[in-house]
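Below you'll find the structures, each written out as structure tokens.
Next come two complexes built around subunit A: one with subunit B, the other with subunit C.
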Partner chain A sequence: MDSKNDEALDIIVTNVVATFRTRCHLNLRKIALEGTNVIYKPEMGKVLMKLRKPKITASIWSSGKIICTGATSEEEAKLGARRLARCLQKLGFKVRFSAFRVVNVLAVCSMPFAVHLINFTTNNRPIASYEPELHPAATYRIKNLKATVQVFSTGSLTVTGPNVQNVAAAVEHIYPILYECQKPRCK
Partner chain B sequence: SPPNINTAKLYLSIIDDVIESMKELFLDEGLEDRVLDDLRHLWETKVMQSKAMEDFRKNNINSSDFVLQLPANYPRLVLSLTLTNTQTLATFSLPASLAYPVQIPAGVTLQTASGQLYKVNVPVVVTQAPVGHQPVSNVSQKVPERSEMPAPQPVAVAQNPVLLQEPEPPSAAPHKLFTIPCLPKLDLDYTYSQLSDIVQLDGAADNSDPEEDEDLPLEENDFLGLINAEDPLNSGDDVVEQDIPDLFDTDNVIVCQYDKIHRSKNRWKFHLKDGVMSYGGRDYVFSKAIGEAEW
Partner chain C sequence: MSKAGLKCPNCGSSNIVNDDLYSQAQLVCVECGAVVSEGSLADDPLWGTGLERVKEICRILRLNAEIEHLAQTYFRTAYQHESFINVTLQRKEVLAGCCVCISCRQRNWPITLGTICCVLNAEETLLGGVYQEMLKILNIQAPFVSVVEVIETHVHEYKICKQDVPEDFAEDPKVLTKRAVELVELAGESWIVTGRRPLPLMMAATYLAWQSLNPNRHRLRFSLDKFCNMAKVRKRRAAATRITELKEVLCRLGKELPWVTEAVTESDVVPLVGDILKYRHSLLARALKTHEKALEANCAQTSTLNHPTDEVVPTQLSESRNETESTSSVVQLSPSNKGENQGDKNDDQSEEPAPNWGKKVLFAPPCVINAKRRRVERRVENCTGDEEISDSEIDSYIRSPQEARDFALMQKMLSLPNSEKS
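Our next item is the complex of A and B:
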């Protein structure tokens, strides 16, 4: 992330998913009745709790496992998770904030050129795959980064990976490969 | 507003139904009629105290200008209409310049400035009664008790043909008043804009016992003690409390059943049924209510 790039590509993190444990059983019905900004989903065995700042949604299970989604950075995800744990603590549960980890980061990025997806796929099989009847984007999986890039013919990308650093690395990795397969935009 | 008259009527009829169905029960229990009458009176008073404001306000202030559509040989009259909280009665006032007796044939259609139509099904004759004469009520519907009003008292109405009597001399009041039975068209639709500033509350607090912690082996406890010491949740993690006081400090509530409640991101859509909304002190009873909100 510290390396200088020639291109100044805007990588915009749109979603960070994180989990943590409260180390205690959670009474979902009590959370649903007494908590603020909650949505009870008894058929799925969970309660959603939404926070305004940061803007995150947490899925809360009675086991004490909580999945936190909607943050736009890893720090924000952690802050939101802690605030959420604090809310549960205030409801009376013996919450111990533990095992916090970011599990997924989603980002978007736009190439300054369009991409010829057929050529791209042909040149990069089997790392790249493209089934236009199923999905309009080509998929490129970077095994060592555990990251997946979806390439659209417009040059737009979506990148998913285990953390922000890997996602940025994935973009750096794929840029030259895409550059080779660019096509004029107006085509 | 018209919906409140319907609500008052509904509540009074509910009280009526309940009291009537209790008569036998009370007698069986050996309680006097008076007890039930007291209960009815107490109940009606309490209900009227919440409804009364709106209805009285309506009685005294709310008036619309009417144009009386009369046959060709009649002069065009502008009436001032006051809707009262009496059932199916509307009070009109005629300009004082009109000479008694005033005869209005049956089948006259009246239209308010807002466009609502009222059909008067009986011929009406308005005469002047001697001063101090008590108006006679021949109307079969019940008229709830009201306290003294500053405006001249509306007069009750007899059926076919209608004879109305005005208790006060024209000089004392700028308008003559007479009452005609009519059935105004009332609707209970509420627009989104009227609901937009209502905040939804979660349900009342439950008092189920909090679950006990799992008992962990000692080593794990120590380990967790370490984690906890590093990362204790404190006031630095507090959610900003600003919206919580506002959220709970409201008397505006809806009690109802739901057909469907839907959410997409932060857009909520409510399809509600069979309920009462208490908003701004007034009760709005509905069989169907649709709402939208943004969280």
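Our next item is the complex of A and C:
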């Protein structure tokens, strides 16, 4: 914490994925025909419904399970999910909003320095893994937070975790480790 | 083991070995490769699976016995594991390739996964997945392979010796390798190597090295396409971009050469490459000084601009600093002090909070130099989403559990007086 000094690190949450159930069978054909902003995918057995505000895309299965993606915060995800359930109710299904759960949160962050990935990986094996031919970033998995951080040599990070709190904690956890392995600015 | 007394019908040498790699044993001449024994012309040898495949790959890549033995051990161990025992033949084949790759790396014999991909003719994504899984199962680590180690093998693939091409275009592989290595090292320092695939870069380095070793009119006019055709190498599309990037770096260093008076452009930097590489350390130092001077001049001009370096921001979830197309919420991590003034937070959001380190250094990757600016978006006034819900819609409104209970209670209360009245 102290090593951050006077600069604030911005963690920008770019995607929140949540699921919920409607507790009733949904007729996908009816949704596809009568719903607005829907795309029917019969080969995959689902309907995609997009909401304008909040900007959310939902995959709807006939069993009543719905996955919402594209929200930028947990509250927005819940709001979007409820709005979606209301849309379905308007179409005539006996929807009951239940089992709402945020499954995944994706955030990006940028360090004010470049990172020497090879040093970083050698210092942190086996938690960190880096295969330059396969992917340009080093992957760091934090087990207790269940979060994965991908570190790029330019200093950008992408963090995925089960909720926003874990994601913030993951960045706090990894900052000092990255600070040690930063690339010196000039030779 | 050579068989005594046998002579090759093709070249007459007596160096015949027994090749028992495939299911049929063959007697092959070492000098010319002719098959001596009769009736063993299998046009399509069966691709062996498992250990046979490991042996085969090692023979193709001409690896020594130690690496082959290690690869076989790894393969045997990995094969017993549940994730590899009931998989497709293709996956097993790829596993064999991965075992060879990791043993090579551990014995300091640098080969890339790309080479294995070519040998097996497999997909890169499949290879990558199997490789990661294998590392996890066997719980082993491999030292990193740098581009510099691999480039020697790469350069030797190019057919530009005196026998293959006209005198004017021929080049000694050793000299070519040396210069290509220097170019790659320079590329490494200027952010051209990191995060990019090694092969196009090596191709670009070889091409520029070849051009600069003898920068006559013919070579300078020779395009990358023609060069690859001549050297019988498959051209990579990305190599052209790498050439441009390398030339840009070389130009920046070429400007610092004391005996160069005219401006250095991309088209005439190639003859100077030899000198640039020879004195590259001192040129880098000079370029850095020039860059710093330019930065100071810039800073002096814009000293009135308020840079928020000492501000302290409390932790909060805020929705400022949105992109134009998609909104994103921002979580700010506070430094040691909390509870300081909220202050000019809104003003500062229009700039980048963390100083862009790309501006301060001499070389930086393109994504940092042209960092995306996240612009502040005004809230859309017309649709807030919290509009009044009309009476007709209220019936379909989803109630939270508390509201449902309240509603039920209210209904009960309403129905009681009615029943009493009537």
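Couple of notes before you dig in:
One rule holds in what follows: the second predicted complex is superposed on the first by the 177 of 187 C-alpha atoms of A that agree within 3 Å, B and C clash if a C-alpha of one lies under 4 Å from a C-alpha of the other, contacts with A are read in each partner's own complex, and residues count from 1 in each chain.
Going forward, a contact is a pair of C-beta atoms (placed from the backbone, for glycine too) under 8 Å apart; a residue touches a chain by one contact, two chains touch by 3 or more.
Small disclaimer: the values here were computed from a predicted structure and weren't measured.
By the touch criterion defined above, A:30 reaches subunit B but does not reach subunit C.
Judged by the touch definition given at the top, the superposed model places A:53 against both subunit B and subunit C. Within the superposed three-chain model, A:168 lies in touch with subunit C and out of touch with subunit B [touch as defined at top]. By the touch criterion defined above, A:126 lies against subunit C but remains apart from subunit B after alignment on the C-alpha atoms of chain A. Residue contacts after overlaying the shared chain place A:107 against subunit C, while subunit B stays out of touching range.
Which of subunit B and subunit C touches more residues of subunit A is settled by the count: it is C. In the overlay built on the shared chain, the residue A:85 is in contact with subunit B and with subunit C. With both structures placed on the common chain, the touch criterion links A:97 to subunit B and to subunit C.
Contacts of A:13 after superposition on the shared chain: subunit C is touched, whereas subunit B is not. 52-53, 79, 82-83, 85-86, 89, 95, 97 are the residues of subunit A that lie in the contact sets of both subunit B and subunit C, per the superposition on chain A. Across the complex, subunit A meets subunit B through its residues 23-27, 29-30, 32-39, 50-53, 79, 82-83, 85-87, 89, 92-98. Interface residues of subunit C facing subunit A in the complex, by the touch rule stated above, are 112-114, 124, 128, 131-132, 135, 139, 141, 144, 189, 194-198, 284, 288, 309-313, 317, 319, 321, 326-336, 353-355, 357, 360-362, 365, 367-368, 374, 380, 383, 385, 393, 396-398.
Across the complex, subunit B meets subunit A through its residues 202-206, 208, 210-214, 224, 227-228, 231, 233, 237-240, 243-244, 247, 263, 295. Remark: subunit A residues 1-2, 4-14, 52-55, 72-73, 76, 79, 82-83, 85-86, 89-90, 95, 97, 107, 110-114, 117-118, 125-126, 129-137, 152-156, 164, 167-168, 171-172, 185-187 touch subunit C in the complex.
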